[in-house]
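Presented sequentially are two complexes of chain A, the first with chain B as partner and the second with chain C.
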Partner chain A sequence: MSEDDLTNEATVYSIYIASTPQKVWDALTKTEFTTKYFFGRSVESDWKKGSSWLLRMPDGRVDVKGLVREANPPKKLVVTWNIDWAPMPLPEAIVTYEIEDLGTGVVRLTMTEDHPTPIPAKLLEGGRKGWPMILSGLKSLVETGKPLPMPTPQPPKELQK
Partner chain B sequence: MSFVYVTYIYTTRQKVWDAITKPEFAHRYWLHTNVSDWKVGSRWEHQHGDGSGKVMIDGTVLESDPPRRLVMTWTRPDHSQEPSRVSFDIEDYADGLVCLTVTHDRLEHDPAMASSISGGWPKVLSNLKSLLETGKTENIWLTKNKEG
Partner chain C sequence: MNMDAVFRALADESRRQLLDRLRDKNGQTLGELCEGLDMSRQAVTKHLGILEEANLVATQKRGREKLHFLNPVPIFDIADRWIGKFERGRLRALSDLKKALESEEE
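Let's look at the complex of A and B:
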């Protein structure tokens, strides 16, 4: 596939975390945690079905906004995902977090980024590279209490103004 | 057909290399362990973690550049399918942070293996990260199938 081709291929990333479903849910939905692993970003929502949510950059700009499609704490969260800063409109993505309790003090967190409307393959790269950084950081934070020293990557050049 | 898994670990490249290649280390986070002299052309064995020496997977070391890159074939011991290939790339990413990328490809001839390793690598590499960052491993092998 050429990087100019359109794709609706999903990105899926699973990670195992020595924790409880509630702690992982809190790490995903509370600013006190997201600022420590999600490139300094805060989250704003009441996390109820139909409510709006957003991801805010450390300088106050909105990074991503959307709606809560499904909220079943501490098991499943589905949100729509609209990049708010791109120079051109981008189709909406759907991000699903599933938290499974394996019953041995371990949970499996699976993030799925779906693209109902196809997007240029090269724009998928940001998410493909970003999710392992974000979720590696979440795991470290939950397991050790300390954030990873993860630099904030630059967005793909196609999205820079 | 290929499977790629990337994880970021607060450690050093040498520790990641040792965790993959030293049997006593691998046994702590992987269900099984890896035995070889890790020279190009040498055989390697993925031996059962029960100490019996039973070979679960074997293959040949294709590239060995400690502590940066290790590539080997990945063959069922009965050689019933074409071998697949596993590459470990270990990079310094940022201050104290290592990026480990596992690429498992050449899986076209063995869809059952492709399915098995897609479930197995996230477990193995999550556990490797936990061991290097916390000194502890997770109890992930008791709950599901024991692939990987």
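Let's look at the complex of A and C:
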């Protein structure tokens, strides 16, 4: 696939975390946690089906916003994912978090990013680089109480003004 | 995370080849992954099982089909263990330089 091609390939990342489903749910949905692993971003929502949600950058600007499609704590969260600050329009993505209790003090968190409308392959690539850091950071935070010391990656050139 | 399982899974050319194929096109069925490969369907199934166990491949059921996705999270964890916060940028620069120089020679 060339970089300029459009794609609607899904991305599915999973990580095993020595914790409880509730703690992982809290890490996904509470600002006090997301600021420590989601590149400093805070989340805002009441996490009810149909409510809006957003991800705010450390400087207060809105990074991502969308609607809560499904909220089944502490098992499943589905949100729409819109970025409208970029110079080029980005079609809406759907992000699903599934938390499975494996019953041995371990949960598996799976993040799925679906693109019902195709997007340029290089933008998809950019998003794919961020998620492993986010998920590893979440795991460290939940397991040890300490965030990973990670640099914040820059968004792809196409998204910068 | 069991790092031994990740290294064992990666220590096989056929399994690395399967990961390459998923990198080119994510979310393939067993049938699609078998196409054009010099491996029996049984062998591919076995390799996918080992990759899944190491969490290098994540799967999803879509209707009656099982789709396979490249999951780089364990590889990120390995890199994170030995590559420091400040080395990352420099290594990226070296890697970009290598790619640029090698593509010039072609």
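We adopt the following convention: the second predicted complex is superposed on the first by the 161 of 161 C-alpha atoms of A that agree within 3 Å, B and C clash if a C-alpha of one lies under 4 Å from a C-alpha of the other, contacts with A are read in each partner's own complex, and residues count from 1 in each chain.
In the analysis below, contacts are C-beta pairs under 8 Å (C-beta built on N, C-alpha and C of every residue); 3 or more make two chains touch, one makes a residue touch a chain.
Small disclaimer: the values here were computed from a predicted structure and weren't measured.
Enquirer: Does chain B (first) or chain C (second) touch A:A10, or do both, or does neither?
Expert: A:A10: touches chain C, not chain B.
Enquirer: Taking the superposition as given, does A:T112 touch the first partner, chain B, the second, chain C, both, or neither?
Expert: A:T112 contacts chain C only, not chain B.
Enquirer: Report for A:P132: first if it touches chain B alone, second if chain C alone, otherwise both or neither.
Expert: both
Enquirer: Tell me the contact category for A:Q22 with respect to chain B and chain C: first, second, both or neither.
Expert: A:Q22: touches no partner chain.
Enquirer: Pick one for A:S52: touches chain B only (first), chain C only (second), both, or neither.
Expert: Neither partner.
Enquirer: Determine, under the contact definition given at the top, whether A:P149 touches first (chain B), second (chain C), both, or neither.
Expert: In the superposed model, A:P149 contacts both chain B and chain C.
Enquirer: Where on chain A do the contacts with chain B and the contacts with chain C coincide?
Expert: Residues common to the chain A contacts of chain C and of chain B are 14-16, 132-133, 136, 148-151, listed in rising order.
Enquirer: In the complex of these two chains, what residues of chain C are touching chain A?
Expert: It comes out as residues 1, 24-27, 55, 58-60, 67, 69, 71-73, 75-77, 80, 85, 88-89.
Enquirer: Inside the complex, what are the residues of chain A that reach chain B?
Expert: Its residues touching chain B are 14-18, 102-106, 108, 129, 132-133, 136-137, 139-140, 143-144, 148-151.
Enquirer: Mind pulling up the chain B residues that touch chain A in the complex?
Expert: Going through chain B, the ones touching chain A are 5-10, 94-97, 122-123, 126-127, 129-130, 133-134, 136, 138-140, 142-144.
Enquirer: Spell out the part of chain A that touches chain C in their complex, as residue ranges.
Expert: Those residues of chain A that touch chain C are 1, 9-16, 110, 112, 128, 131-133, 135-136, 148-151.
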